[in-house]
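Next come two complexes built around subunit A: one with subunit B, the other with subunit C.
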Partner chain A sequence: MAAKTLTINGKQISAEEGATILQAAEEAGVKIPTLCHLDGVYDVGACRLCLVEVTGVPKLLPACTTKVSEGMEIKTDSEQLQKYRRLTLELLFAERNHVCAVCVANGHCELQTLAYSQGMDHVRYDYCFPKWGVDNTHRLFGMDHNRCILCTRCVRVCWHIEGAGTKNVAGRGSKAKIITDLNMPWGESGSCTNCGKCVQSCPTGALFYKGSTVAEMERDRSRLEFIVTAREKKLWVASD
Partner chain B sequence: MSKRILIDPVTRIEGHAKISIFLDDAGNVSDAEFHVVEFRGFEKFCEGRPLGEMPGITPRICGICPVSHLLASARAGDAILAVKVPPAADKLRRLMNLGQIIQSHALSFFHLSAPDFLLGWETPQAQRNVFGLAAANPDVARAGIRLRQFGQEVIEILGGKKIHPSWAVPGGVRSPLKSEGREKICGWLPEAYSTTKHALNLFKTILQGHQRETQVFGNFPSLFMGLVALDGSWEHHGGNLRFKDSNGNIIADQLDPQKYFEVIAESVKKDSYLKSPYYKPLGVPDGMYRVGPLARLNICERMGVPQADEELKHFKGLGRGAVTSSFLYHYARLIEILAAVEFIELYMDDNELLSDHLRADAGINELRGVGASEAPRGTLFHDYTVDRDGILKKVNLIIATGQNNLAMNRTVAQIAKHYVHGPEISEAMLNRIEHGIRCYDPCLSCSTHAIGQMPLQVRLIAPGGKVVREMTRG
Partner chain C sequence: MSFLDLDEFLIELAQKVEIVFSPVVDVKEYPRDVDVCLIEGAICNEDHVEMVHKIRKYTKTVVSFGDCAVTGNVTAIRNQLGLGNRENVLQRAYVEAAQLNPCVPEDKGIVPPLLERVMPVHEMVYVDYYLPGCPPPAARIKSFVTQLLEGKELHLAGAEIKFG
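For the complex of A and B:
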């Protein structure tokens, strides 16, 4: 495959044709914050945290879904981008009910970690305080919609890796919601195989092992990686 | 015209409180009341949450006794899972509760109360605190601060952090005691013993000069309630409920805490957010009972450890039947610290505490569960109703300060009647009234957890019972 040369933050790099900016940056050792991206499943560009500036393009582009091209000049950490990232995070927090102190994912949450790393010390918007419920009907897992950021990672692993197609998104805008099958309680789903991949994939405390208490929900992403490696490379090895 | 005197807020009590004193035409006190105005809607807030989160959420009610809520919550969870927690987990929870008793009692005695009786009632408020104590009596202040630190360290060694540890869970606990932790605790023991014994001697000396306080600081007949072990000895986490009257008669014994509501009813008073529980069979006012250290020592036959048992004998000698003066809460607190230190020492030789068999696993087997545990201030009940998926439908918390509310009112009235004559109020008198409340070590933020915004009402009541003036806010 042909290689493309481009610059990231002034540094010259080369990347494979067809690679995304996110992949190219990662190769080059440049960290771009992401939230909806999950290695092993296709990207949807839902969270907008990975936005980058490309010279000559008037709008900001998501690094996870934009392919590299010859001569691209990319900036990943301008003042403007930092501003937008904070804003995006603040909106995510304001949209649902995130009370980290009593959350099962406290201390192991990607949203929380990102907020810390982007210096988000308060939220400038009014909290919406929507009334979302908890679906605790499944024998093994629970889903707290209050903490869902609609990144759709769970939907993608469910369809793409497990192939069960249990999880879906229903509704639009602020009413959008992750559902199981035809919007029934998770415990009544006929398609769910109880594999737990969605729980492993969730970046927040929205999906959890039932019975988890505060700060207890630690995920082991290497299990997902193992399956992805097995599928893509036909190698049954744990990544190091 | 009646005149009302407000002391607001009572300094050095966690949270805010108001006291009203009613004077009659002759200028004498006819009655007094202690109001709680703080409000936190925890019971409502918990509805809809999964059971597993409760031991993580409820400790947030109170920054002073998070451990008590943690343990009561985990116990309520045990009841809903309908499991027996592994023996190691039970012991570890007890160990943490002992740490909590030590740290909380040390705070109450050395930081909050000792300044009053060591520095004297006449000392102005600005100096009548732990800093004033540190200036006047640095050794006592320092030892007290370190004793509290010991209790906090026991909690931290087990739970990972000083406050808000979500370490206990329905079915058990999350991690054992490690041998480094055990060594650390052992290292503290000699100092903890010496500080406690020193404080006990000090208090007994103080007591001689405080006969009047003993007589009028909440000295009246009431019931006493708390948990006791099956053999009637002191209990703090487990066991069953016992009620004793002030003559020392056991009037109800070995009641299953799961059925507390058969013997305890709650009256919500119009002018307070605090629920005032009473012993149902006797109603109000005869069913008024006290909880906490004084009650626990009154209801038990023995502490179960030798040094504290010696002290208990002396303590019991201070009353006929039961010890009825709330001023002796302080003494009871010190005896409980001593017992806690002795029990911790016993646990240090128990290898089971290092076990990793710590958690019983089960689904939702009961739809209602009660967790009762002795918080430093008294028996704490967490009563949860869940649906079949373990989502909280109803939460009722009965807290020590609430249970002592009726007795606190009586105490304030008794002190006021004794010291207030006419409209002139001296600083020393105000200090005494505050101290009357402080005997109970009330923790007001967690006592007023129930939701429901009530208008704040201030009423002036004439001798005939007629409301002569009423102010309503909100």
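For the complex of A and C:
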């Protein structure tokens, strides 16, 4: 495949044609913060944390869904981008009820980690305090909508790795919600195979194993990677 | 309580600061010309509103200390019940959970009237610095207080500003 040459933060790099800016940056050792991106499933550009500046393009572009092109000049860490990243995180925190102190994922949460790594020491917007419920009807797993950021990782792993199609998004805007089947209690779902890939994929404490309490919800992403490698490369090997 | 985990640093600190107001200092009125005030907890009732404005007026540097002050944290969960949550909260605490004399205290000066919603400190007054954590670990407090005493521009980064 043809190679494209471009610059990231002034550094000359080459990337395969068809690669995304995120992939090219990763290969060049440049870290771009992500939240909805998950290795092994397609990208949707939902969280806006990986936005980058491209010279000549007036708007910011998500690195995970933008393909590289010849001569592209990309900036990943300008003052403007840092400002917007922090703003995006603050809005995520303000939108639902993220109470880190009593969350199952405390200390293992991608949202929490990103917040402090991007310098968020408080939220400047008024918290919305919406009323969301918890679906504890499944035998093994629970879903707390208060902690959901609608990254749709669970939906994507359910449809494209497991192939069950149990998880979906219903509603629009701030009323959007992850549902199971035709918006029924998870425990009554006829299509759920109880595989737990959604729980493994969740970046926050929204999906959890029942019985886990504060800070106990750790995930093992290598299990997802194992399945993706097996499917894509026909190799049944663990990465480490 | 996390403050007590500072152990022997407390002795060192005591030589550098004068504590003029705190739950453990027997002063009822918030004094004037205070250099630094560490505010714990969110704003949830009318007494807090009065107090926080007084603190801002008489203090050079106001610090939101801990997750409750910074975010509202667990104490703000009642906001999810929507408007009218005040009545629900009082009903639950003084009537449903009471073993003796279930009734909401109504005499003036007993329970300060609750606000419609619990607020982080910075929603009400300007806050100079934020120290998140539930509670902020002793090491984080020490790093913060040391920088403050040195009069430097404060800089907490990375895991030092982790919530929870």
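Criterion: the second predicted complex is superposed on the first by the 240 of 240 C-alpha atoms of A that agree within 3 Å, B and C clash if a C-alpha of one lies under 4 Å from a C-alpha of the other, contacts with A are read in each partner's own complex, and residues count from 1 in each chain.
Operating definition for what follows: a residue touches a chain if its C-beta (ideal position, glycine included) is under 8 Å from a C-beta of that chain, and two chains touch if they have at least 3 such contacts.
Everything quoted here is computed from the prediction, not taken from an experiment.
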{"item": "Residue contacts on subunit A - larger count, subunit B or subunit C", "value": "C"}
{"item": "Partner chain(s) touched by A:Asn97 [first = subunit B, second = subunit C, both, neither]", "value": "second"}
{"item": "First (subunit B), second (subunit C), both or neither touched by A:Val123", "value": "second"}
{"item": "Which of subunit B and subunit C A:Gly187 touches, first, second, both or neither", "value": "first"}
{"item": "Partner chain(s) touched by A:Asn136 [first = subunit B, second = subunit C, both, neither]", "value": "first"}
{"item": "Subunit B versus subunit C as contact partner of A:Gln112, first or second or both or neither", "value": "second"}
{"item": "Touching partner for A:Thr213 - first (subunit B), second (subunit C), both, neither", "value": "first"}
{"item": "Overlapping contact positions on subunit A, where the subunit C interface meets the subunit B interface", "value": "101-102, 215"}
{"item": "Footprint of subunit A on subunit B - complex, ascending", "value": "48-53, 55-57, 60, 164, 166, 169-170, 174, 361, 363, 389-391"}
{"item": "Complex interface listing, subunit A residues touching subunit C", "value": "93, 97, 99-103, 106-107, 112, 115-117, 119-124, 126-127, 129-131, 146, 215"}
{"item": "Complex interface listing, subunit C residues touching subunit A", "value": "64, 67, 70-74, 76-77, 79-82, 117, 120, 122-123, 127, 130-132, 134, 156-164"}
{"item": "Subunit B contact footprint on subunit A (complex, rising order)", "value": "101-102, 104, 133-134, 136-137, 139, 142, 144, 187, 210-216"}
